[in-house]
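Below are two complexes that have chain A in common, paired first with chain B and then with chain C.
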Partner chain A sequence: MLFNTFGYFVFAITAFFVFLAAPGKWKRTVLLTASYFFYSFFGVKSALLLFSVSLVSFFFGITMRSVRSSRRIYYLWGAIFLHVATLVYFKYAEFIVMNVNYFLKEPLSPIHVIMPIGISFYIFQSLAYLFDIYLEKIQPEKHLGYFLLYLSFFPKLLQGPIERASQLIPQLKRGYVFNYNKIAEGVQLIIVGLVKKMVVADRLAFFVNEIFSDVVNFSGLVLVLASYIFTFQIYFDFSGYTDIARGLGKIFGIELSENFQAPYLATNIQEFWRKWHITFSAWLRDYLFTPLLSQFRNFGAWGVVGAVLITFAICGLWHGPAWGFVIFGLIHGAYMGTSILTLKKRNELWERSRVPAGWVRKWRIFVTFNMIALSFVFFRADSMKDAVYILTHLTGPVDLSILFQAYSAIEILSLIAAVALLAKSPGFAPAISINTNRGLSQQFYYGVMVNLLIFLGVKKYAPFIYFRF
Partner chain B sequence: MRRLSISDSEVRNVKIFGLVTVALFMLCVSVFEFVFLRLGETLPYEDVVRRQQLNEELYYSPRYFNVGDIYKIYGVQSSKPEIIALGTSRIMPMEQKHIAGAKFYNAGVDASTSREIAGMLKILKSLDREAMPGGIVLGIDSWLFNPNYPANRQDWKSRMKSSLERIPVLAGFYAAYQFVAQRTKSYDMFIADKGSWFEYLFPAPQETGIGLNARMAQGGFRSDGSFHYPDSHKADNVREISEWRQWLARDQYRFTAAADIDPNALNNFKGLLEFCRTKNIKVVGVLLPFRGDFYSALTSVQPQAGFFEKFRKTIPSAMNAFGYPCYDFSSPEAMDLTTEDFWDNLHLKQTPFGKIMKRILVEFHDEPMINTVL
Partner chain C sequence: MANAAVLEELNKIFCEVFDDDQIRIFREMTAKDIAGWDSLNHINLIVAVEKRFDIKFTTREIMTYENVGQFADAVEEKLLKSGRTPDLIRR
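Let's turn to the complex of A and B:
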């Protein structure tokens, strides 16, 4: 039951009306019940695991604050161990055994574990909660119900945003006030998110899947185009999900964090990671990169590069148990390290070159975008072999007939129209957005979007890309 | 509990949004429907049949819609044939010229599930007394009786469908749902269609086809209900028998292995024969030929071959029990057919039907309800 299914639509509407009808103090109980009910669709065992992880975090959180400060670190490490072990077992056990067997004469028996959906997201959220308590940024939550809801709130359970307790728990505790504007904003975000997913991302996927499923049959511009198109597909897919999650949050009176701010308009890699999957990047920065940096502070600039590389290797691995993701992370680590080391020099060079600032900015956006698209080849390719094939066959014949075999003229026009309309949606790309928040133009804009969804949305079930992470 | 209050201006905003959305929706639907109508895709079946009677050369073949039983019912109803063909897509190429002398209409449909046996009975029951034929050439295939063919399984959807159809009010809702679902699918197909439809939107005054496929490729259903592949249609290549064996062994959909004939399908079939007997309609069954390469594989891969053998025994004996003959031409050798006589492993071209009909028409010679001398 995903956001882009009819079942989810019925579930969300029912949950909202039950939530509205429930008396004030019962509203959060309704949300908690709805969240666990929703998650149970992915397996009761998954729901039990979420509940167990929540209990562990809850009790470690309370205990950590009740013991002497010198002993807190042991509790923190204990909690980290339990969480990471859970994540490693459910997400990486198969991958680890498979890779270890490569070096063993007598291989270990293969492990088959079904990964609970969303585990990476709620484990990271739990860890953030425990770190914040340890760092005394927040007080532990004493009400189990609120804490359970903090981790399980259904709009963000499967794919984030990775919310901080300091942001979400106070909102959960606040009484619900019916606010037409908030609900209207929520519905608008849901519509925009669905258009991004069903009209754009799912249709772009036709071409991308066709090429990436059989890369050896293609070369040249087709592979370049498929890589670029995937770069857009993943943005529309993931940001579409986030929009829907945020929209649903608003309807229930909860403001979830933004995850994207026109990331492909970033002028360098640092900026890209400030605009792409923002809550995840911020998590890595606060709870991994910063502690690592303080450990490596004696190594100067190379310490920074080391911390960056480790952070991004883990960032890559977080996406899934595959070497492609690790390489993706390391590439970004290398980009980031180089960028940090050379940014000052590059800025000086551009200043001296007297090229107009506007042109410099455009050039930097172009270069950054291409670097990102290149790294996504490892992210999307079915195997390392495929990724290497793509990168070594980017030059060759210019035959784009496959593009016109994948799409009809109406599909190409509808994609262009949808992207043009989305470019004007609030928050899509602040630099080029227009105000659609007032008057008839707003009603017309969203009326067009709803019709795009009805007539041009891909109805075939297609899970979100980040769903498997 | 705090009251849920919405101001007048907010209500107005919601109303405007609703109106704009509905207006745009209607506009989009109008554009789709206009295009479909211009292409002849959604022309009512009565009009299609009427136009085809006026111009016998006119093909009917929509691209975004399936041709339903109703088209065939209108066809039989208006042409009042003496002999009709009923059965699956394999009987559909049979045409008037194969039955010189008697008025013929091919009411075969693109049938592949056991439910279609009931559909054939529905066609007969829908006919007026004057339109009831005197003879039927019944083309029967094994998959109609295969309980393991996934489409034949009595899943919850088909159970729900048959339950809904029994209650008039719910049947109405279900029909509306089906209409919307079919339209939605057609719109999706149209949007994703890579072919050029624009040039066929305004056809020349001398209309050559109804429906986009008919206009594009000059093929489809003719006025006698027979189906004609367009000249541009290419026959499938003959395959190695071993390749077909592997294909069948993978339990390919209609040929999924089954131990026995589906008793429900057999009952429906007997119901069809019983209806014909009470109406004094002469039925001649035909098990149509398969292409040689496929036939060899079908009769040599177990357990598929076992089921096919049972089918070849059960169906003719069921027909014989009602006093009707059944010809087994499954083997292409029975009619001296070559690979050139087939479009693919299952479907015959037009010409070989002449040979087949020559063999079976003798069965209709003494039928009092068929007035014409065959």
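Let's turn to the complex of A and C:
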């Protein structure tokens, strides 16, 4: 039961009306029940695991604060160990056994573990919560109900945003006030998100899937195009999801965090990571990169490179148990390390070059985008072999007939229309937003969007890319 | 409350690390107030302060300071603990 299905729609509407009908004190209970009810659709065992992880974080949080300051570090490490071990077991055990067996004469018997959906997201939120208590940035939550809801709040449970306790828990505690404008804003965000997902991302996927499922039959421009199109597909897929999550949040009176700020307009890799999957990259920065860099701080540039590479290797691996993700992470680690060490020099060189600033900016956006698209080849390719094949066969025939076999003229037009409309949506490009006095009126704008969804949305259900992580 | 001499020395270090002579630090100042105060420059700042005052911070301390005031107080406390009076640190 995912965001882009009818079942979810019915669930969300029901949850909202029960939420509205419930008296003040009971509204949070309704949300918590709805969240666990929703998650149980993915398996009762998954829900039990989420509950157990929540209990562990809750009690470690309280205990950590009650012991002497010098002893807290042991509780922190204990909690980190339990959480990381849980994540490793459910997400990486199969992968580890498979890779270890590669080196063993007598292989271990393979194990099969079903990964509970959303586990990477709620474990990371639990860890952030415990770090913040250790650093005395927050007080431990003493009410189990609010804490359970912090980790399980259904709009963000499966795929983020990765919320900080200090941002979310106070909002959960605040009483709900019915606000028509907030609800309208929420519905608009949901429509924008659904258009991104069903009209754009899922349609781009046709072509991407066709090429990536059989790369050796293609070469040249088709592979370049497929890599570019995937780069757009993943943006529309994931930012579409985030819009829906944030829209749902607003309806229930909760502001969830932004995850994207026009990431492909970044002029360098550092900026890209400040604009792409923001809640995740901020997590990595605060709880992994900064402590690592602090430990390595007396090793100069080598310390920086070491901290960056470890951070990004984990960033890659977080996405899933596959070497392609590790390579994706390491590529970004290499980009980032180089960027950090050379950015100042490069800025100075451009300033002295006398090339007009506007052109420099466009050029740097272009280069950064291509670097990102290249890294996503490892992210998307079905195997390392496929990824290497793609990158070594980018030159060659300029035949794009496959593109026109994949899409009819109407489909191509619908894509163009959707992207053109989305370019005016709030959040898509921060500088542009709908002005009700000039240009399109809001009603007309969202009316067109809904029609796009109904008539041109891809109905064949496709899961969101980030659900796998 | 950190001594004026400590603040003055810290201000010099801020100017060096952020490569901007115009910076005037104040107690409530946070990373948001200075362009370029990111996680990397935060550590550069710590390293520079550690060298200048010959003191050491723990990783936990580095991650906890919420503003320049707290940071300056911590510097002064470390100086006093090592038996130096802040007035004597002036170059």
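Quick note on the criterion: the second predicted complex is superposed on the first by the 459 of 469 C-alpha atoms of A that agree within 3 Å, B and C clash if a C-alpha of one lies under 4 Å from a C-alpha of the other, contacts with A are read in each partner's own complex, and residues count from 1 in each chain.
Following the convention adopted for this analysis, a residue touches a chain if its C-beta (ideal position, glycine included) is under 8 Å from a C-beta of that chain, and two chains touch if they have at least 3 such contacts.
These numbers were taken from a predicted model, which means no experiment stands behind them.
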Partners on chain A (chain B, chain C) - clash or fit: fit
Touching partner for A:Y180 - first (chain B), second (chain C), both, neither: first
Comparing the two partners chain B and chain C, which touches a greater set of residues in chain A: B
Contacts of A:V448 with chain B and chain C, given as first, second, both or neither: first
Touched partner set for A:L293, first chain B, second chain C, both or neither: second
Partner chain(s) touched by A:G145 [first = chain B, second = chain C, both, neither]: neither
Touched partner set for A:G43, first chain B, second chain C, both or neither: neither
Which of chain B and chain C A:P397 touches, first, second, both or neither: neither
Partner chain(s) touched by A:K459 [first = chain B, second = chain C, both, neither]: first
Nearest Cα pair across chain B and chain C, whole Å: 38
Residues on chain C engaged by chain A in the complex (per definition of touch): 39-40, 42-43, 46-47, 59-60, 62-64
Chain C-touching residues of chain A, taken from the complex the two chains share: 73, 134-137, 285-286, 289-291, 293-295, 297-298, 304, 340
Chain B residues within the chain A interface of the complex: 1-2, 4-7, 10, 13, 16-17, 20-21, 23-25, 28, 32, 184, 187-188, 190-194
Residues of chain A defined as touching chain B within the complex: 20, 23-24, 177-178, 180, 184, 404-405, 407-408, 410-411, 414, 440, 443-444, 446-448, 450-451, 454-456, 459
